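Encoded as structure tokens, the structure appears first; notes follow it.
Just so it is clear, A, B, C and D label the chains in written order, and each chain counts residues from 1 on its own.
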Amino acid sequence: MFGKKKLAAAAVTTNPAPAEGTAWIPADGLEPIHVEESAEAEIAPNQTLWEQFWSIFKHNKVALISLIVIILYIVVCVGAPLFAPYDPLAQDLSQGLAKPSTEHLLGCDKLGRDVLSRMIYGGRISLMIGLFPTLVSMTLGTILGITAGFVGGKVDMIIMRIADICMAFPSLLLAMVVSYTIGPGFLTIFLALSFVNWAGTARVVRSEVLSLREKEYVEAATSIGVKRWKIMLRHILPNCLPTLIVMLTNNIPGNILTESSLSFLGIGAQPPMTSWGLMVYQTKSYLDRNPTITLAPGIAILILVVAFNFLGDAVRDKLDPRLQEQ
Amino acid sequence: MDDTILKIRGLKTQFFTSKGVVPAVDGVDITVRAGEAVGLVGESGCGKSMTAMSVMQLLQHPGRVVDGEILLKGENLLKKTPRQMCDIRGNEISMIFQEPMTSLNPVYTIGKQVMEAVRQHQNVSKEEAKKIAIDIFKRIGIPEPEKRFYSYPHQLSGGLRQRVMIGMAMVCNPALMICDEPTTALDVTIEAQILYLIKEMQKEKGTAVIMITHNLGVVAESCDYVYVMYAGKIMEEASVFEIFEHPTHPYTYGLLNSIPKTTEVKDHLFTIRGLVPNLLSLPKGCRFCTRCDKAMKICTEYEPDLYDIGDGHKVRCFLANKEVMESGK
Amino acid sequence: MKKLLAILLALAMVFSMAACTSGGGETEPAEPAEGGEGETSAVVYEDGFPENVLRITYQAEPESADPACTTADYILMMNCMDTLVRTETNEAGENVTVPSVADSWEISDDGLTYSFHLRDDVKFHNGEMLTSDDVLYTVDRMLQPDRAAVNTSWMDMIKGAQDMLDGKIDTVEGTGIIINGDYDVDIVLESPYAPFLACLSTPAWSLCNREAGEAADEAGGGPMTSLYGSDPEYFCGSGPFELSEWVLNDHVFLKTNPDYWRGANKMDGILIRIIPDAQTEKMLFDAGQIDIFDMDHALDQIPVYRDDPAYADNINIKTVLGTSYLHINESIEPLQDVRVRKALQLAIDRQTLIDTQYYGAATPAGTFLAPGVPGYDPEIGAIPYDPDQARELLKEAGYEDGFDLEIVQTTDSSQSDIEVNEAIQSYFEAIGVRCTIKQMDSASWYDLRATGGSPMYRTSWTADFNDPDNFLYQMYGSSSNVRRSWNYYNTDAIARLEAARYMTDPEAREAEYAALDKLITRDDAAMIVLWHKQKVRVLQDRVKGFVPMWAGYGDCGYYETYLEN
Amino acid sequence: MVKYIVNRVLVTIPIIIAIILIVFLLLQVLPGNPIQVMMKEKVNQQVIDRVTEQMGLNDPLMIRFGRYLWNMLHGDLGQSYKLKRPVTQLILTAFPNTVKLAISSALVAWIIGIPTGIISAIKKDSLLDRILMGFSLIGISLPVFWAAMLLQYFLGFKLKLLPISGYSTIRHMIMPAIVLGWASSGSIARLTRSSLLGVMKNDYIRTARSKGLVESAVVIRHGLKNSMIPVVTMMAMQFASLLSGAVITESVFGIGGIGQLMVSAISQRDMPLLQSSVIFSTMIIIVGNLVADILYSFLDPKIRTQ
């Protein structure tokens, strides 16, 4: 929906021959020549995945900002000791529930610990829970999905039925069972989230494999005697990659949100360490008296998840051929 | 008496992409008379379909007609409101597409889809519309039309689906039917049947036809008059007979020569070297010069006009311009 | 133009929710503008019950109204049933046992036979009179093996009780309970048990009606699936309120019993709303939707009301007859060393924690017995905060470089419990004890604790009945020492605890408990006593006559409460 | 079509049996004795041991499982240890609340999500599209607990527009429905938009336009129905997961639903209640997926006419 004026201004640069006379014709105008095609006329070479990845951000400012936000989060959380103004565990009971000030930018919790520092350290756990279970479950899901899709038959049936069961099982409850059995902690969250998430990945990868299996190049590869597992590695995996990247950007924020639910059930991060989810839950009763310490971790989650989602959208728009402009 | 149905004058259609303005159609003049079948030939990407879509006013963002006029029975379609265009589309001008597999909506029965066209333009009841639809099914040779009325597109073969498309296009007796590569996706045996059907419908209803194709064989079989398009411009136009007898433009010549003939034995098939140029960076002179075997220096400097060489035969090539050709002697 | 429309539409979408909700608010001017203050009569109750109903909350569904079925949720029994005797706090602040259904009683000299004379005007909600047979039934139904009752420990000192639990006899009639007439009944004990009379006032001894009880068992398909405690139709007590409506997960409504033998309560009833979230509870209180807000689960609200002069008359503070403590497992290295235990006792600044974490709503404790419990010795005084001496003691014990210590905390702990643990953790670290907090789900932890292997944990004990036996024997008695993971080594002290149960001379007994209390909690430092908590409640203006439960439970009887609308 | 559905239902049966077995076994590995949990601090090992024995909790695993299955086949799900009521009664009283919550949130989600998605797709890349998609994105990015808490605080407490807790009247249902509905509406809007955009690129849309249909008819008649196939599937699955219990929302707003039932059952080790409620909610999800598949096949004539 741009203005009309802008449209009409477009003109094509050709050099039309005058309709009459011959004076304009150059002397050697009729000499036969052989014109080579200009370089631009050639088809652009296939972009590597990395180039594709970068091209996402060239034209999409929102995606670029999201990426910067995510990187910033990661840098700050990984380098927490450098950025945190205080020791996140240092208590000062006299500062309990202190309001934001120049000393404590976001105020203090009830034990007088600096909320900003706790958020910076807590982000480590939130980010780790976002990243690691996602990577593990997606790797597992990809392997099983490819196996199911490619081997087919009974193997396919068994894997997919197990996936059905996993997807049907209430994930929070599963986390509770795991946590009560082996005790709460990072490993628990890790196992519970991995267990639930692999099934979704496996399903998507499997259907991708099924459709790819019919494609010419895979058939061709099979017909010239290339081994099955080589086909999988060489052809199917790179082709599933766009889908996987999109799923990755969806699962990471999903897990960060789930972590806040787990904290609500008391099986998230373990004190005295904290995570954003736990901070939101722990500070809820101060909403009236010291709203900053309740709002800040919630907003931190919100911004990070929004950034991941924007990034995911941008990646999907770029990588999903169905959405690309012709 | 003016029996001109469609007159396109200086049509310019451009696409405003992020990489620049793509002149998909760059000043095209086409005239179609009542009952006439006009061929529009060229390689893919040369602007044939865009010309058709411009006529239908179905260009999608970021495409837009920027100049020219499209006169249907003397009325400029470019001045019509979207609402008025809706009354024209499917009623005055209809169109059939290349892909019969995907051109029908998979979730509706074919009967419903044909009825929809009828009811859009004719004030008839459902029952009447159904009668009309079944009637047209009979005429386009769909076996068991009453039963097929309730079939879904995926239950029909490609040929039958294209017949349904033709039926849908003809059901309102349009003055002009644009066929965009109607047979490209079909088997050769089916192709002949479909072309025959189009011809028959054309004769029966007196409908003018624009046949868009890259296949000169189709043109030979079904058209009266031909426009050869290249990179958004008409390169040559003439009657079918003339084109086949006296192809003048090197491009036309090339197209003709790339059809395998049973009468000649060749080691390899003739091809036009190179590819359709990128419309964003057209050569300075003649847009075909990069691929032309007969290119001259002048061709890289100036773009030739469409020169009339008699009998309505027009060619956009300096070779056809006596003045120019003689200047060098 | 089109663009403008589009933007307008977008704005409409974004604010559609706000718009529709505020629209709803305007059309229904239901909610009062005031909070709990001022014209409470303006409150329109969202629960739909009449105005003259006391509204209280409960965090989770009460387990049951059947004394055989719950050891935790006594609110229904306290309000709908009667016991033979009652405990109440008299004007001198002493907790005394007073007559209730039993008008008077005699205790035999050997301390084995208790003869009760019942009132003849106590009527059950089903119209039946409460007689000696109902007392027998109450005991029999608790001890019936196929009922799998959980409160049998309140009755297993009765003669024949153990045989009945083992399935050897069908009733304790003639052995433990001797009916001397419709309103005269003897209870015979296996061996003397000094606190028995106080024990009779616990809700576990709530008297049940035989006819209603048998009907409820039959309707539920057996004693274990009896409907007595869950279905208002089958429940039957003789208390001031009747179980009238029980909507699972939403509310329980108790309507006033007009024929109550002590005279009917002036309210129309009590509405117990199930509100799991303390924050929600606070908002409901501020909106006037509930009458009493117990801040036990919302400690942070204490200063909000207590320090607000507008609420000065609405605050009710009751010191809990109980003690919070840090448990010590003496089988864990190096806690078997008394110097280490004493060091830990000295490491905690109780007053600062009380001031910052409990907003002052607690008093520092020096011994396990709480003030008010017979045997409590105020002379002993609170444990001082002395980190230097603590370090010194550690040095003496050879732990100059500290040691590693684990504190268990259950996942269902409240936020403030977690914070207090974190604070204690940092106090311990200050004397060089490296401390980690280990979260465990409560069920798993109870399992671990029962094996005697639980690391340190923090909890509190509140009196069931007013006797030191209920404190010290419950902790260190032979059946609990390991089960509660104390592994307390002083077998002499444990033997003395056993013996004290059977002492009949009250004064000698009190002195013995005072000595034991000092020995165990201070000299042997077998536990780290922390503080006696206060229960702080805020009431709406209209609530009058509220009497907190004598031991400071969350569950109370509301018989004395009335509303001034 | 019938064959497809029958097939699909048959495949579900072994999954359900497997889930019953898995749930039973999984819950057996949980440490903890329900009687002990019930007794809390009132430890009396004799009582605990005796009641455990009396309730048959010391029987071998297979006997308990057999008994459970046998009773289940007779429609008896046992009695809750904690609440001393038939599990069936507890589930049946909790379920209507969950259903109310699911329906009201689904309605919010659909009423907001679908039109948002359609408008966004039609006005692709416009300012409106960006606003609507931003709104949806925030919906799916909000931590549910936090959103519920803030909404409760501002709408319920500060502005006193809606009741804070409870679940008896329509007005009680608004806030929870907004919290859950907003999140679901976000994903529905996004899926509707991308699906519709994808569909609008199809050839048959061009055909519909060339027939002379006005744009709105093209979108509604030809675009929407096709693009709704994945959306309806998603809606069915979302609805099923709402029906299986929204633990956090239920807890914050004090709604006694299936989610709360499960959470309290697991922390109390109330095995009969836990087993049955988990199986119940799992089955709802499976049935929901089944319905989604059947709806899918019903909407897609290719499968329907097979």
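We adopt the following convention: contacts are C-beta pairs under 8 Å (C-beta built on N, C-alpha and C of every residue); 3 or more make two chains touch, one makes a residue touch a chain.
Owing to the predicted nature of the structure, the values given are computational and were not obtained by experimental measurement.
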| item | value |
| --- | --- |
| Interface with the most contact pairs, given as the two chains involved | C-D |
| Chain closest to the middle, measuring from C-alpha centroids that were averaged per chain | D |
| Chain centre separation (subunit C, subunit D; CA means) in Å | 36 |
| Interchain centroid distance [CA atoms averaged], subunit A/subunit B, Å | 45 |
| Mean-CA-position distance for subunit D and subunit B (Å) | 53 |
| Interchain centroid distance [CA atoms averaged], subunit A/subunit D, Å | 25 |
| Contacts with two or more other chains, residues of subunit C listed in rising order | 3, 279, 411-412, 441, 443-444 |
| Residue numbers of subunit B (touch at least two other chains) | none |
| Two or more partner chains touched - positions in subunit A | 1, 176, 180-181, 265, 281, 284, 287-288 |
| Full enumeration of touching chain pairs | A-B, A-C, A-D, B-D, C-D |
| For the subunit C and subunit D complex, residues of the former touching the latter | 3, 6-7, 9-11, 13-14, 16-17, 21-22, 24-25, 28, 31-33, 46-48, 60-61, 63-64, 66, 69-72, 145-150, 152-153, 156, 165, 224-226, 229-230, 247-250, 273-277, 279-280, 283-284, 286-287, 289, 411-412, 441-444, 446-448, 450, 459, 461, 464, 474, 479-480, 483-484 |
| Of all residues in subunit B, those that touch subunit A in their complex | 14, 16-18, 21, 23, 26, 64, 66-67, 274-275, 277-278, 280-285, 287, 289-292, 294-305, 318, 323-328 |
| In the complex, subunit A residues that touch subunit D | 1, 161, 164-165, 167-170, 172-173, 176-177, 180-181, 253, 257, 260-261, 264-265, 277, 280-281, 284, 287-288, 294, 298, 301-302, 305-306, 309-310, 313, 322-323 |
| List of subunit D residues in touch with subunit A within their complex | 11, 14-15, 18-19, 22, 26-27, 29-32, 126, 137-138, 140-146, 149-150, 153, 194, 197-198, 201, 244-245, 247-248, 251, 262-263, 266-267, 278, 281-283, 285-286, 289 |
| Interfacial residue positions of subunit A with respect to subunit B in the complex | 2, 6-8, 10, 12-17, 19, 21-22, 24-26, 28-38, 40-41, 43, 59, 325 |
